[in-house]
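For reference, the structure discussed in these notes is given below.
Lettered A, B, C and D in written order, each chain numbered from 1.
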Amino acid sequence: MISLLAELSYWQVTSIRVVAGLVAVLLVAGTLVYAHLFKMVSFMQSRLGPMEAGPYGSLQLLAEIGKFLQKEDIVPARADRFVFKAAPFVVLTSTFLLLVVLPGGPDAWFISNDLGVYLAMAVGSVSVIGILMAGWGSASKYSLLGGLRATGQLIAYELPLLLAVVGVVIQAETMNLQGIVLAQAEGEIFGWGAIGNPFILTQFAGFGIFMIAMQAELTQTPFDMPVAESELVTGYMTEYSGLRFLLFFIGEFATAGVFSAIAAVLFLGGWYVPGLDPADNLFNVLGPLVLFGKVVLLTFLVFWVRFTFPRFREDQLQRLAWKFLVPLALANIVVTGVLKVAL
Amino acid sequence: MSLVPGLVKGLVVTGSTIVRTVFPKRGMRTMMPAPSKGAATVQYPHVKEAPPTRARGVIALHEGNCTACMLCARECPDWCIYIEGHKEKAPPRRAGGKPRQVNKLDRFDIDYALCMFCGICVDVCPFEALFWSPEYEFSEPRIADLLHDKERLSEWMETVPDFEDYESGSVAKKLKVPPT
Amino acid sequence: MSSTDTEAPEADAVDASADEAVEALVARLRITLGDALVESDADGGLVWVRVQRDAWADLANCLSHREGFGFFNFLSAIDWMPSPFGREMDSAVDNVLNAVEPGEPAATETGAAGGDTRFQLLARVNDVSTGRSVIAKADLPEDDLRAPSWVPTYPGADWHEREAWEMFGIDFDGHPGLRHLYLPGEFEGHPLRKDYPLLARRVKPWPGLVDVELMPEPGEGGDGKGGAS
Amino acid sequence: MTVTERQQLSYIAAQAADARVNLEIETEGMTLNIGPQHPATHGTLRIVAKLDGEQVVSAEPVMGYMHRGYEKLAEVRTYPQVTTLINRIDWLGSFANEVPFILAAERLMEVEAPPRAQWIRTILFELSRIANITLFLGDMAVQVGAITPVFFAFRDREHVLNQIEAATGGRFHPNFDRIGGLKDDLPAGWVAETRQAMRKIRTFCDQIEELVEGNEIFQARTRGIGVIPADIGLSYGLSGANIRASGVDWDLRRDSPCGLVHDQVDWKVWTHPDGDSFARFWVRLQETREATKIVDQLLDAIPSGPIMAKVPVIIKVPAGEAYVETENPLGVMGYYVVSKGDVYPFRVKIRSASFSNVSITPWLLKGVYVPDIITILGSLYFILGDIDR
């Protein structure tokens, strides 16, 4: 595959990558919306969910998109027009940038950067700026409160997220996400290497912290104070309508998918399934599907929690982050480091 | 405080609801997913739940029994019944008798936009001309169209169910619905 | 209360002791309030006391702090004037509107514990530990509709007094902020006064008025429940 | 009246927060309009909250967006017509609204409903309580952010509503109570179906207990939030589960049963000493369970006989004044009926529970955070129709 790409000219490679990126974001987001938001949650609540559009409502999302596109794009009178209009795109940009470092197979990647983890963590924070822009630019008190909450919360949870990854990086001895997958595929747990070394088994504390921090980063219940329907009436999104709301909506689910993919890469072995040779060319086709499967699994967890739990209050959330998650993550790093050196 | 954290218990409750909805027959024993049976909702225009026979859906008029006595219109809390009538000579019941004077009903309208579905008119009717029907599908796109005349009200007479039996211990008399 | 008690003798005994308790309560109130306590009444578990307007706040104080009636139930008012609009549905009666002498308060017809004026304050407090309760009344002269506020004693009276203020036009001295509660700020009039017309009943003729000759006795449907029982 | 240490501490903390709010950081306040269109206001209550950061400096409820003037409307309606209106006061427990009014009218007329009617009245009264509070249990969870419980509540409330509809013909507005008895007798098979519905409600209560009440996040959000000391609650006129959650053992069903047969069955009044939002939730959860037990016991022993006492065709209520209050789902609801011997009541003062329950909010919301406004409003549990009437 890499040889195939090498023969193409720059613009052809670029367009393939753009299409792949769009498909990866939109298809994943669409699937997650249908499978989790429409169906899983409906079943959880003894309902059927959408059933009319397409078989079992599978085309409902298209209908929703059509509905949003028809709606008027309202900008509040006293809003900061440019900031207000740009905010959803900033949020979506962050999602697409995250995708860049994700490996889908031995050769199926957008860029293979030796600072992949670093890049992912960095661009993951860009969405905060978009959310703050939306909150500020809307000229609505609810939005402002939501935006401020989001900022405080996302900053608080960047740290445990990052610290949770450090353990993985220490164990894999690389910050290249592709390298981390290979390290899990070829690794062994205390000398037993039958299933490789998915870091979820050795870095379970890191995985737990990562999932909690990810839930907060994605502003899903129990950490959904920035949107908080029952308090702030969807917070920073209050004033948005039509296409721009749709972008936020897609961004929410696409980011959930991409973050889950990062979690899958870091802790579940990414595109690798045990028992096969990681260098096998088969993985260039199978890999994205395997990764997708793991993403669905992880997002199921995310949405299961989201629709089961009540939400924290802002101060309780900060307390959880700074008093519990950060120390735990630091301890995890210390233990990992000591074991790494000792073994 | 129990050993199992409440968070986990909550996840179990919602998780098991998913399973029960998708596999309604005794959990997973039959592996055929049948969510439309397991869900508490029904797909309304395709599947309809039958309301109980007593349900106050719409008021049906048995025109033959109505004598335009105005009792229902007077007792209506919302003033939503409009009745007009005139007197008419009718042929005598028995041959050779005197012609009777009957009240003929010209207009019997119920404005369902005003009606509060309290059932007072049905209760006060002394001639058993008004009945409740469980029929509920009579919405209209325009509010003015909710004023239904006596022809429409009489059509609903066909949907009036028979009165149910009473629970044991009751001494109330079971009523009958007159044939349309 | 007594209406549901099945065993009559026991109920009587309960009533007797209850009556004594009521008398004792009224006696205590009379000591505190003196002549300001105008009248009292008791019937089937309900106790009414009527005080002079100036003693309205003292009554609350006394009930709350000395007698232990800690639960503030409600506060409202009654307009005893017969409605000048008749039955509000019969336009024949409505036409006599001007012929009816307006504003003559049927003070002598007022209910329990009597009354002398058109407007009467009405409030109720409970003692939750013993189940006792008192309904308080006070007459308000029509030309000076004001009364001392209960808010210092019962903070819950705040909204009730605002409601009475906008519905009857009664001023409460010492209330922290009498402003509209239900009605829009620019609303004029006092809707619960009897001389305030109910527009819903006046913009439309009563459909029951259409002239049709009476049918042979509507009562023949039996016990009046017609098709139901 | 037990005021626990915890309650006192939270109370002191709230008062301290009140004093502290604008001293710590000198910031310009912000006025936040919560409502009238807001998901947490159950309709159209509006809270004007002055905020300092996310902390409430003062909060003032504004209502009247749904004022229908029932006290005025009742004056031009005959007694049987009034029940049509008052069904719509607390629209989730409509049947319970009719009962005190009918009892007040019966007291003035000096008629008494036959035992069977009293029994069925009590059953329907408790069913409407279950239908009402079931929704609260889900709704409270949705106020603090959990979405699923409210769907469970809607799902299982349906069983109760079906029973109410099967008996009365109306899901929400039964208009089933008549002066002197009931409109109709129960349909065949109703008792067995109701028993089944009660079983389902008990399962629902277990689910809510595990899903919401036992949830650590829910407890963190509700414990110590919105603490109402018993005496303050009483002076504001709080009633029902709100005051029982502050440790006041007062339930009109037990303490002054008038016209209903709660004294014939074995049940318990639940109280909680804490007085916070969690206590209010907990008390209501227990009450729902208790109500299913009451219904079960009553179903076992419905006496046979007529359901209507002898009353005249045209109901004219003798002159007099009567006040009857009952323990409705939301709290004490009473009707002060003044009659002048006409077919219309001369004056009806409606004492609705939510109106008094919500009147404590300006006091209660001082110094709390914005999310706690929603928690406290949710736990006080009001129905807008019951506030605005």
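Throughout what follows, a contact is a pair of C-beta atoms (placed from the backbone, for glycine too) under 8 Å apart; a residue touches a chain by one contact, two chains touch by 3 or more.
The structure displayed is predicted, hence computed values, not measured ones.
Identification of common neighbours of chain A and chain D yields B. Of the two chain pairs considered here, C-D and B-D, the higher C-beta contact count falls to C-D. Between the Cα centres of chain C and chain D there is a gap of 23 Å. The mean-CA centres of chain A and chain C are about 64 angstrom from one another, to the nearest whole unit.
Chain centres here are Cα means. That of chain B falls 28 Å from that of chain D.
Mean C-alpha positions place chain A and chain B at a centre distance of 52 Å. Multi-chain contact residues, meaning those touching two or more other chains, occur in chain A at positions 44-47, 307-309.
Residues of chain C in contact with at least two other chains: 89, 219, 224-225, 228-229. In chain B, the residues that touch at least two other chains are 7, 10, 13-14, 17, 40, 75, 123, 172. Of all possible chain pairings, those that touch are A-B, A-D, B-C, B-D, C-D. Residues 63-64, 67, 69, 71-73, 75-76, 106-107, 110, 112, 118, 178, 183-185, 231-232, 234-239, 243, 248, 250, 255-259, 307-308, 310-314, 319-323, 325, 332, 334, 336, 338, 340, 344, 347, 349, 351, 355-356, 359-360, 363, 388 of chain D are the ones that touch chain C when the two sit in their complex. Those residues of chain D lying in contact with chain B across their complex are 77-78, 80-81, 83-85, 87, 116, 148, 152, 155, 158, 162, 165-170, 173, 175, 183-191, 207, 210-219, 302-307.
Those residues of chain C that touch chain D in the complex are listed here as 1, 3-4, 44-46, 48, 64, 70-74, 76, 78-79, 82-83, 87-89, 106, 109, 111-112, 122, 124, 128-129, 131, 135, 153-156, 158-160, 167, 180-184, 191-192, 196, 198, 200-201, 219, 223-225, 228-229. Contact residues on chain A toward chain D in their complex (touch as defined above): 41, 44-47, 141-142, 145, 221-222, 224-225, 228-233, 307-316. Of all the residues in chain C, the ones that touch chain B in their complex are 89, 204, 206-208, 210, 212-215, 218-221, 224-229.
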